[in-house]
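Next come two complexes, and both contain chain A; in the first it sits with chain B, in the second with chain C.
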Partner chain A sequence: MPRGLAGRAWDMLGLLLVLSSLIWPAVIDPETGTGLRLFASTAATFAALILLVSLLTRNLASPVAPAAAILGVIAGAAAPLILLRLTGPGSAAFGLWVYVAGLTILIWRAMGVLSTLIDRDIVRRILVASVFGVAFVWYWQVITIGFAVPSILLPPPSMIWDRMVADVHLLWGDFRLTFFEAVLTGFTIGSLSGFLFAVVVERYPFLARGLIPLGSAFSAIPIIAVAPIMIIWFGFGSSSKAAVITLMTFFPMLVNALAGLRSADRMELDLMRSYGAGYPTRFFKLMLPAALPFVFNALKINSTLAMIGAIVAEFFGTPLAGMGFRISASIGRLQLDMVWATIAVAALSGSLFYGCITLLERRLTFWHPSLRT
Partner chain B sequence: MTTAAVAGAPVARAIPRTPSRLASILTVLFGLVVIWYVAALPMNAGQLTRQYARIDPDRTFTFNEKLFATWTVRRPMLPTPDMILGDFWKTSTGAPITSKRNLMFHVGVTALATTTGFLAGALLGIALAIGIVHLRTLDASLMPWLIASQTVPILAIAPMLLAVLGALSVSSLVAKAAISMYLCFFPVTVSMVKGLRSPDRLSLDLMRTYSATQAQLFVKLRWPASIPFLFASLKVAIALGLVGAMVAELSTGGQAGLGGRLLNASYNGDMLHMWTALVTSSILAIVLVAAVSRIERLVLTGMGSRPPDQNA
Partner chain C sequence: MPEPVQAISRPAATAAPATPVIEAADLSLTFQTADSPVYALSNINLTINQGDFVSLIGPSGCGKTTLLRVIADLEQPTGGNMTVLGEPPDVARQRRAYGYVFQAPALYAWRTVERNVMLPLEIMGMSRAERAERAQRYLAMVNLAGFERKYPWQLSGGMQQRVSIARALSFEPGLLLMDEPFGALDEITRDHLNEQLLRLWGRTGKTIVFVTHSIPEAVFLSSRIVVMSPRPGRIQAEIDCSALPPDRDLDVRETSDFIEIAHEVRQALRDGHSYDED
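Now for the complex of A and B:
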């Protein structure tokens, strides 16, 4: 595919759309019913900036060009946000959507330019990924405000942010209760017992042969369904949630750790034996390191399972706090901004939890082929 | 499970394994059942003493009477396997199949939502993988967010998504399938990206020397190479799809489906029905995964490749 030519055509189409948006009114004042063309001057300025930069990108291979392109796109993206804030929700008119369509193409091109210019680099990955993330939130904001989507259906990000700032103490309290009392406890007990069980089972090949096929059957079971049973057994407190998470995290760790412990090479094990190494030495020097990539795989799976388990367990009834409780209670009151704020906290903490495990994995299994480049 | 057991049975191997895999599985299963019955003793003891106290406060019961009565006690805390089997049989044959009182009706509802969501999720997953493999920009921009999307406890969104879709008067099947889909697509995408990239440089170069187009490269090399990866992820996806469908049913307030049955039983504090729903959903999960495995064998054999060893 002739990338350069097609890319230039896309650039032109994007610019054409952005510029032609000047013909139509961008927003219509809801009170007077007249179209506002205030937008035109802003859009034209940014479009000219982007055009200039995209021409520069052709001639110069300097890092200034892509940086300016990004700045132009950011500035261009800010224009409709400011305009919509001035005129209020639902005021968007045809011109605005033409502008958004044109900008979409330019954002896509900017990401493409970025991903080729800073090659094979962690910076590039983070930069391109964050452009995508920001663009996602931007569309969410522009579309919900522009079309005046009822906040019952989907609140705009700005509203969710306001709610997060206003109720930061409430959210923190829920997070503390759910994460530190249920998630961490259940995650630790479940993963640890799964691992220890795998170590024991590995020593008895008869058990392992029976357990491995059963384990893959067990892993298909929707363990989340034990949540109501655990609540009857352990009451409404944190212990029932921790029990659900323990059960959910046990099997992935058992299956993975068992596979990992058995992944030690037979030749290497024989070599260790010929050196007269006992089981403890074999375990710590050979089997455990061989199992670590598998164990971390299980820990990553478990980190997301633990969050899900805690929140679903809280749907069935809890003391009057916790993230799952907050979500179900806020839905009852149609406080959708609170629901989304809690989901944002859950997503953020889930990603951080996952990220911490990934970092630990990089530290401990740096020798593994998948982490070497 | 059964297919694995059958595949592992001694089929004229040169060196017979001692002891056989089937024996190992049966021993482990037997051990689990024994543990279950033993655990039922203390778990149900409290309930039993309360019942006895109601019947006749003055009479004392012998140890043996108490011991075995825990396995037949009414409204147990931990129902024994034979109680669950009995309840399963009673509720799945006691009413016509179209009645809401029949367990199999609810199995059908859940299975339909699961498979619908699973198919949609698999298609979405494959489409995303194709995009990621072919568009460099998408690879750099989308992949990290896909991983982040799965750290979102999506099941938390289930009740809200259902409320929103309900407000838009979408049928509950579609709403449930949408949640299943969200859980299903991720393993398929990750696996397919790996699979579509699995052809080695030599094969790719050979195709280029034949001056194959991108489309031909895809149809003749990448796609066939990715099929084993696809099925491995489909087995994970369908189990996740069942979880999604059940949680969706839990949050719709228990109208129908296994999740609904579980919720209704939990409102009534009816342990036996909860366990029956749980065991039934486990059987459904195993059946669904087995069905995918069967299709995998057929497809892989049809493509002329050696089916993977079904020992794990």
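Now for the complex of A and C:
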């Protein structure tokens, strides 16, 4: 019971803060000097009401509670954004921060309730993760606008979004050039050749003794040192970027795939031997499936490395496009919204890339102890 | 096919004429380790006939598993001669003469129970229909009908070991080599599987070589018990179990014949210094 009681106390504190924030002005109009209370905003009243309902129905195990909590949080979160939009940056006053503090407690509690009420694991994971993500962006927006943070330091998400919408063709062009021509090519060549080398090295172990130390020495070289050389070798086009990425992704795959191909235990190998199985049978029916979890590990590492490699390589000068080029060029012109817009595209595409590999991993290696359900 | 030099075969328990399946003559195996050679097997002479159920018993390190692995061509002897079905062990292995059941189930986690049983059949190039039919038949034989689509890690340890037995039976080898297959299981499961194994042996007439370190298990299952002793691994005694009825059930363990044979085995182990303190 103490847990439940403490939870109740937090609920009450959060609600109290949200309601008491109505005492003070939330924003002060810089031109007229008049304060606006959140109370004046119908959205806020609505939010407080729904929050109250959601709290009261929390212990009734009905779909009303989570639905009300979500609606309440959305409405409650929208209120300060609307007020700040009305009066402009830097107009936030004491009442707004009290409100934000109260809402923080309520979001925290709502997430706790959500994660106990929803049984299906995947739904809960996605929901909690997206609430986290949305809350992060929300704080970013409220704080940068509320304190009038200079956009050179940190533009608000709304500004980044506006830039993305305005320059969608430019960003798409950069993305296409960097992702499809450099990242995917380099990732595929690097991972595939790393895997093929691992197969050969597993078959002829003397190669491992020479190649693995060389490889680890090579992968210790910082990418910044290699990138200019690759540009000299392969020119300023996409092939030099693909070469940098190939270099970066080759050894993680080699080392992981080798460990994977060697991961079949003695009994599993003896079984194959007892069937008089030759190397192809042993490879396809035992070693390859046993290696898959390791291979996917390397693919996930490589998906991140490939994005880094492409952007770093572009810093050294590509003609006129590409995500890395866009970042370095926009920094020079102090177009920080463009820099952030490109970062957002990179983060989004990187996550999607990683996510696709994870999905494939779940489909193909569901039997591995770390993924069993 | 070369005749064995000196086959010291005991009179077989059954009336049928004895056909030797495994013949070891003066077999020895020495492992070269960094400090000193380990004599795993020394001067083994053994004949196992068609339809025998022979248990190899002895303390850890007596070479019983090594002997089984030599029969299966998973280890190469350093001296003497061994034939399996009249051929060298590697030829017998290539011809898939035996099914081997390991100490652990050794099932492939990415294959369903059914596809694990089908694994040897796939390697042998059997048709899809035949594979499915065999898998179904042998899973039913080990009482696992209905579990075809499960994955090994969704089953209990005893069920997994039964799958591995079905897998060894699926390609219908005449010879079954079993290396402490029930060693990791609890006693109740073990008793149950022992009974099932005995019935299966009675029904199919296979030759079974069974490694164990449990005296009751050896006496209960075997038509003949080979007692081994350590340092170096050698055969201490061979004990005939034909005094017990072929269709035994678990109650046989309370009979005086059973106790008598168990005592003989223990005595042989003692003679081989298996109970000595190191």
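By definition in this document, the second predicted complex is superposed on the first by the 339 of 373 C-alpha atoms of A that agree within 3 Å, B and C clash if a C-alpha of one lies under 4 Å from a C-alpha of the other, contacts with A are read in each partner's own complex, and residues count from 1 in each chain.
Quick note on the criterion: a residue touches a chain if its C-beta (ideal position, glycine included) is under 8 Å from a C-beta of that chain, and two chains touch if they have at least 3 such contacts.
Everything numeric here is computed off the predicted structure, so don't read it as measured data.
Of the two partner chains, chain B is the only one touched by A:Ala220; chain C is not. Between chain B and chain C, B contacts the larger number of chain A residues. When the two complexes are overlaid on their common chain A, residue A:Thr104 makes contact with neither chain B nor chain C.
Touch criterion not met for A:Thr188: it reaches neither chain B nor chain C.
By the touch criterion defined above, A:Ile212 reaches chain B but does not reach chain C. In the superposition on chain A, contact of A:Ser328 is made with chain B only, not with chain C. When the shared chain is aligned, chain C comes close enough to touch A:His368, but chain B does not.
Of the two partner chains placed by the overlay, only chain B lies in contact with A:Val128; chain C stays clear of it. Chain A has no residue lying at the interface with chain B in one structure and with chain C in the other. Taken together, the chain A residues at the contact with chain B in this complex read 1, 108, 111-112, 114-116, 124-125, 128-129, 131-133, 136, 152-154, 206-207, 209-214, 216-217, 219-222, 224-226, 228-229, 231-233, 303-304, 307-308, 311-312, 315-316, 323-324, 327-328, 331, 336, 339, 342-343, 346-347, 350-351, 353-354.
Taken together, the chain B residues at the contact with chain A in this complex read 1, 4-5, 8, 19, 21, 23-29, 77, 136-137, 139-145, 147-148, 150-157, 159-160, 163-164, 167-168, 214, 239, 242-243, 246-247, 250-251, 258-259, 262-263, 265-266, 269, 271, 274-275, 277-278, 281-282, 285-286, 288-289, 311-312.
Contact residues of chain C toward chain A in the complex are 72-74, 93-96, 98-100, 102-104, 106, 108-110, 119-120, 122-124, 151, 153.
Within the complex, the chain A residues that touch chain C are 265, 267-268, 270-271, 273-277, 281, 285-286, 289, 292, 365, 367-369, 372.
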